[in-house]
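Two complexes, one shared chain (chain A), two partners (chain B, chain C).
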Partner chain A sequence: MAYFLIRRVFWAIFLFFVATLITYIIFFVIPTDPAQIACGTHCTAGLIAHIRKSLHLDLPIYQQYWLFIWNLLRHQSLGYSFQNGASVRWLIGQDAPVTASLVFGGAIFWLTISIPIGILSALKPRSILDRAAMIFVLVGISAPAVWIGLILIYVIGYKLGWTPLGNYCSIVPSSTAGGCSGPAEWAYHLILPWMTFMFLFAALYVRLIRANVMETMSEDYVRTARAKGASASRVLFQHVLRNSMLPVVTILGMDIGLALGGAVFTETVFQMRGLGSQLVSSALADDLPVVVGIVVFACLAVILFNFFVDVAYAWLDPRIRLST
Partner chain B sequence: MALLEVNDLQTRFRTDDGIVKAVSGVSFSLEKGETLGVVGESGSGKSVTFLTVMGLVDMRHAQVEGSVRFDGQEILGASSSSLQKIRGSRIGMIFQDPMTSLNPVKRIGWQLEEAVLLHNDVTHAEARRRSVEILQEVEIPRADARIDDYPHQFSGGMRQRVMIAMALINKPEVLIADEPTTALDVTTQAQILRLMRKLQDEHEMAIVMITHDLGVVAELANDVLVMYGGRVVEQAQVDHLFAKPEMPYTWGLLGSLPRLNVTSERLEQIPGQPPSLLHPPKGCSFNPRCAYVFDRCRQELPELAAGAVGDEHRFRCHLPDEERARIWEAKKAALAAEGSAA
Partner chain C sequence: MRRKHMLPMFLLSMGVALLVAATTVGVAASATHKSQGAASKAALKGGVLRVDQSAGQFDTLDPGLAYVTNDWAVLYTTNLNLVNFPNKPGRAGAQLFPEAAKSFPTISKDGKTYTFHLRSGLRFSNGKPITALAYQRAWERILSPKMYAQYGIFDQLNTMVVGAQAFTNGKAQHISGIKAKGLTLTFHLTKPNPTFVSILGMQWFGAVMPSMKYTKNPAGVLVYPSGGPYYIASNSPGRTVVLKRNKYYHGPRFQNPDEIVINSFPNSNGESALLQIEKNQVDFDMAGIPADDAAKVAKTYGVNKPNGQYHVGTESCVIWEAFNNARPPTDNVDVRKALNYAIGREPIIKLLGPNAGGATDQILVPGLPGYKKFSAYGNYPNFAKAKALLSQADVKNPPALNIYYNPASSFRTLEAQFEKAQLAHIGLQATLQQSDPNSYYGPIETKGTTYNIAHSGWCADYFDPFDFINVNFDGRSIQQTGNVDYFYFNNSVFNKAMDHAASLSGQARAKAYAALDQLLMTKYVPAFPLYVPTFRYMTAKRVKNVIYSNYFGYPDLNALSVG
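Presenting the complex of A and B:
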């Protein structure tokens, strides 16, 4: 297990360098002049040259990358926004909790819905529940996030008035006047975005879990367990579930990255200031340090999450853990 | 009263293409301490017969009729809780493929202990003690250490020993072994068979040995069922069967058996394919492949009728007795000639 962990850590570090290098090159190689943007509309040639020097844009790319990595490692700094000079790290610190609440809360929401439905429809294929789940799946796969979000806002938020229409409330209680905060308000405001994620992903997961459970049920070792005299529920919980969840864990690792992308739409629909909407507005304003910073942060988050998934996978499956 | 008595067992599976008649009218009985050999090609219904006996066929798709009496009790269609009490405790079962028959994410010890704890009101420590003991009995070296390994850390032969250990840990009265040695190499095969016989002697256990290896049957069995197309086509004591097989299919099986004293270049084989269980042939199910087929075989299914030695030896064949005797003598002579020529 120790060997496995060390190997995974090195692999994660390597991935981080590859991902940052690529995004760095992509964003600094595109034909816009960051100095021009930072300078603004009333600008002289001398000023641009000065800014170019202070942003180190006069250096070759590899040196710029090295400076970027150096600042990141030495000062934990991602640079400053061209638009308003705010620290990128501070901006991400502001926006990341919103996106994290959306994505991880959403993941918990879609898993709690899809695991039981997936299992039940695997146990009773072609039953009414199974067929209903199939319709649910088709809607979820075909509908875009924005549309689902708007429908939910209209029906549940506006017509029924059960939930707020949007906005994000911090989970940490604070007494700022006019603001909302605290875990209860936080969750209350997030119900609709979570449901949007649920519709988008639960559908796929129901199918995935159903297929995996059915496949595991026909494994030889499940027959062995039944031949031992284990009851149906014991067979399901002790022998089928863990084995059938293995592929689900892998896909979940991949989908969290996908959900970070999906957050762009969800945040827009629900007017939440998260990384997704920040990324969009910064990209539109050619604010490159912020865009690079968010991409780096997202890479880091995905790498980190995949690392957790790998560890979870190894913990679930001794064949991975014990192979060298 | 026989320990296990099966009467007119039928198993049908509903599929999208129609009804598969996997088992049709199988009857046999098994006494305490006896070994019943069940032979036949793949798809002859031998495994399904015993999965049905154990109540392990998927009842959503299967239709089961007939009677299975175990120790005087009808167990066919019994409640799942009463079947669970019998399975793994009074009837143990070993499956063909040891590589896939153990749960890959659970330790060997956990899987053995589960078998103990499901049927006995004992502590974990006691279950573990029994598990180590049974692993030693099936000759796993360093059993007390290996018990904490996972299945993938064991070789195929070792896993099959674990399967046997798991089936035997509660000292069942009947052990159903479904091709327990097919996936193993010859040396391991011999060890496993020796082990099963030793355990049979010690526990007075009855064994059902499902196999397509007639050598294994000759070595272990008292009685033999020959199955073909979901039916019993010949049923006899092992000596009778090998001395004078009566059914052309059995002749084919015996002809395809490699013998040490015969160095013939090529093994005889039964031409053609096993019958479709979805659309079985009319009449005798072996008729499309039988070398001695005549009109009646294509019209009428022969009864499983007693032969010259009486009820001890029954078979399905329309050939007249004299004809059959003549063919068998000729075959035997040919086999013997081949043997002496070598």
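Presenting the complex of A and C:
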């Protein structure tokens, strides 16, 4: 297990550096003048020259990358936004809780919905519930996040008036949030975004869980357990679910990373200032340090999630670590 | 049978329960809001004003660096200026009143020394006293080389006050022409300047703590004590700004909401904010309503009805197509006149939907001293006159005109295409040149630029015709880069006439500028003035006391009542 962990840690670090290098090259070599952007409108040549020097844009690209890595490792600094001068680390610190609320809350929603539906569909194949679940699956898979979000906003938020149409409230009560903070407001403002995520991902998970449960139910050891007189719930809990949930854990780790991509659309539709929304506005404004910072952060998050999933998987299924 | 389905049924019920619980919590929270709103309905003061800013964010709220209208709309609520604009609708709202000053300044006989006496007992939001030093520091922050705030230099503040140039060049610790002693502030000007008091109404000149640091970073000073009706309680760049009532402010301006919360959404097109305003979830959007919704909103809510929700206010701006007066064929005055006839103002304004603004072919805007309405070219295309002028111009084989536009705006794109089509009607070829969406002005402000026609405009920095005519059309200010005169218009006769007008005051000044406005657009024609824009915006049903400022182009945030 120790060898497995060490190997995985080194692999994660290597992946991180490759990701930063590719990101850096893509975003800092594109034909735009960061000094001009940082300078804003009504800029003078002298000021542009000053900014170019202060941003080290006069250095060769490999030196710029080295400085970027050095600042990242030594000072944990990802630079400063060209647009508003804010520290990128600070911006990510502001945005990450929004996206985390969306993604993890959404994950809880989609798992809570998809696990029971998946199991019920598997236990009663071709029943009305199973067919209804399939329709749900098809809609969820086919419909884009933006469309689902807009329909939910229009029907539940605008027409029925049950939920806010957008915005995000911090979960932490704050006296400078204009009354929009605390767990109740937080959850209230996230209902529709969570439901959007639920539609997107629950569809896939229902299919996955249904197939896994049906396959596991036909295994010899399940039949043996039944023959030995184990109760239906014991068979389901101890034998079927434990085994059929293994692929779900794996996919979940990857989907959390994918959900960061989905957050771009969901955050835009629901006017949430998370990482996805920030990424879009910064990319449109050529605010390169912010774009690089978010991509690096997202890479780190995906690598970490996959690392934890690998470890969890190895712990759940001894065959994994033995084979390595 | 029952037992077999117990677990999945339990899980399913958990999922449904989670949904129901979240919705219930939300509805309960919503109900709490409603009951709170009902309880305090009678009061003008109180409540949280919820403002969105779609498709934008604040450049900075540092008063020494801010220059954009949305920044200034916020600074107006936080600043305590020597002279400022009152919370009054219409023309009255554009008349400065002595705010921190006891009265308008005493001016020396030679017109070069202005002395202000501050009211006693003024305090910043942190309780510290406001003295003349607060205003001296404001001037030094806008002109300090440590701030890189170019705007002050564009407005020639560095040559206006004695010793300002030496300070800007880093050769002096303070501006020698500004003396602060207790509650007395004296400005020594390099020459008489009738616009000086108007200039002090700009939001750069609010009281700042004498210790407020210099910074060139827009995120350098995010929150700071201020002397106006509100202060910035929190400021997350690009996200949320929270203003809170300043308990030490006792001036005449409103302090209605307890808090003003402004959320910026750069990616939003304003549709979401519009729906939220209709559902009373947001009170106002600083971006106004999307142009596509203007007709529908006007039909549903009516325009500027008493206690209505849809408002249209005229801005103190003029939108124009700048001509490059230094590049053929727009270096020829008859070509420029022909373009003024050929393009047509009303068809372009129609692209923006109803109530977008009023057509104009003047540089000055209504409300400015010296504004006198005239019409030189008409609002619809007149190809016959345009063609006649072109033949008179005697420009053989004119090169294609370069129409420079920002492709990030669908309106600008349509406008550029329309102009190209209009020019074709009079036999002129045009090419469309897209700008970098994030750096539109840089290239046209650089001498030698290759554009012929570029969309732009000007909003009043202060209510004086100098700000529109001298600032934009004084060719002696043309440098290699960073030009405000990006028309590259330089005429020695007109320069002299501008200098003369600038030296006048009162009615004589107004008359002189009215004549200059007409002369500029009938004889020299450096631009194609298009329209005086309006701000079209909705307020939530609960919002009362809407006072629109055509100087800022926004309703006064501190006056809006959600109590």
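One rule holds for everything that comes next: the second predicted complex is superposed on the first by the 308 of 324 C-alpha atoms of A that agree within 3 Å, B and C clash if a C-alpha of one lies under 4 Å from a C-alpha of the other, contacts with A are read in each partner's own complex, and residues count from 1 in each chain.
One rule holds in what follows: a residue touches a chain if its C-beta (ideal position, glycine included) is under 8 Å from a C-beta of that chain, and two chains touch if they have at least 3 such contacts.
What you see is a predicted model; the values in this text were computed from it and never measured.
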Three-chain arrangement built on chain A, chain B and chain C clash or fit: fit
Partner chain in contact with A:Tyr221 - chain B first, chain C second, else both or neither: first
Contacts of A:Gln64 with chain B and chain C, given as first, second, both or neither: neither
Partner chain in contact with A:Thr250 - chain B first, chain C second, else both or neither: neither
First, second, both or neither for A:Gln238, with chain B first and chain C second: first
Angle at chain A between chain B and chain C, C-alpha centres, nearest 10 degrees: 160
Touched partner set for A:Ala230, first chain B, second chain C, both or neither: first
Touching partner for A:Val280 - first (chain B), second (chain C), both, neither: second
Superposition-derived comparison: chain B or chain C, residues of chain A touched: C
Touching partner for A:Ser77 - first (chain B), second (chain C), both, neither: neither
Touched partner set for A:Ser181, first chain B, second chain C, both or neither: neither
Distance of closest approach, chain C and chain B, by C-alpha atoms in Å: 11
Intersection of chain A interface sets (partners chain B, chain C): 231-232
Residues of chain B that touch chain A when the two form their complex: 54, 56, 80-81, 84-89, 92-93, 95, 97, 100-107, 114-115, 118-119, 150, 152-153, 163, 166-167
List of chain A residues in touch with chain C within their complex: 32-33, 36-37, 39-45, 47, 50, 80-81, 83-87, 91, 94, 108-109, 112-113, 115-117, 119-120, 123, 153, 157-158, 161-167, 176-180, 184-185, 187-191, 194-195, 231-233, 236-237, 268-271, 273, 277-278, 280-281, 284-286
Residues of chain A that touch chain B when the two form their complex: 219-221, 223-232, 234, 238-239, 242-243, 316-319, 322
Interfacial residue positions of chain C with respect to chain A in the complex: 3-12, 14-15, 18-19, 22-23, 25-30, 48, 50, 52, 57-60, 148, 150-151, 154, 217-220, 233-234, 236-240, 242, 244, 259, 261, 263-268, 272-273, 275-276, 278-279, 281-282, 408, 436-442, 445, 480-482, 484
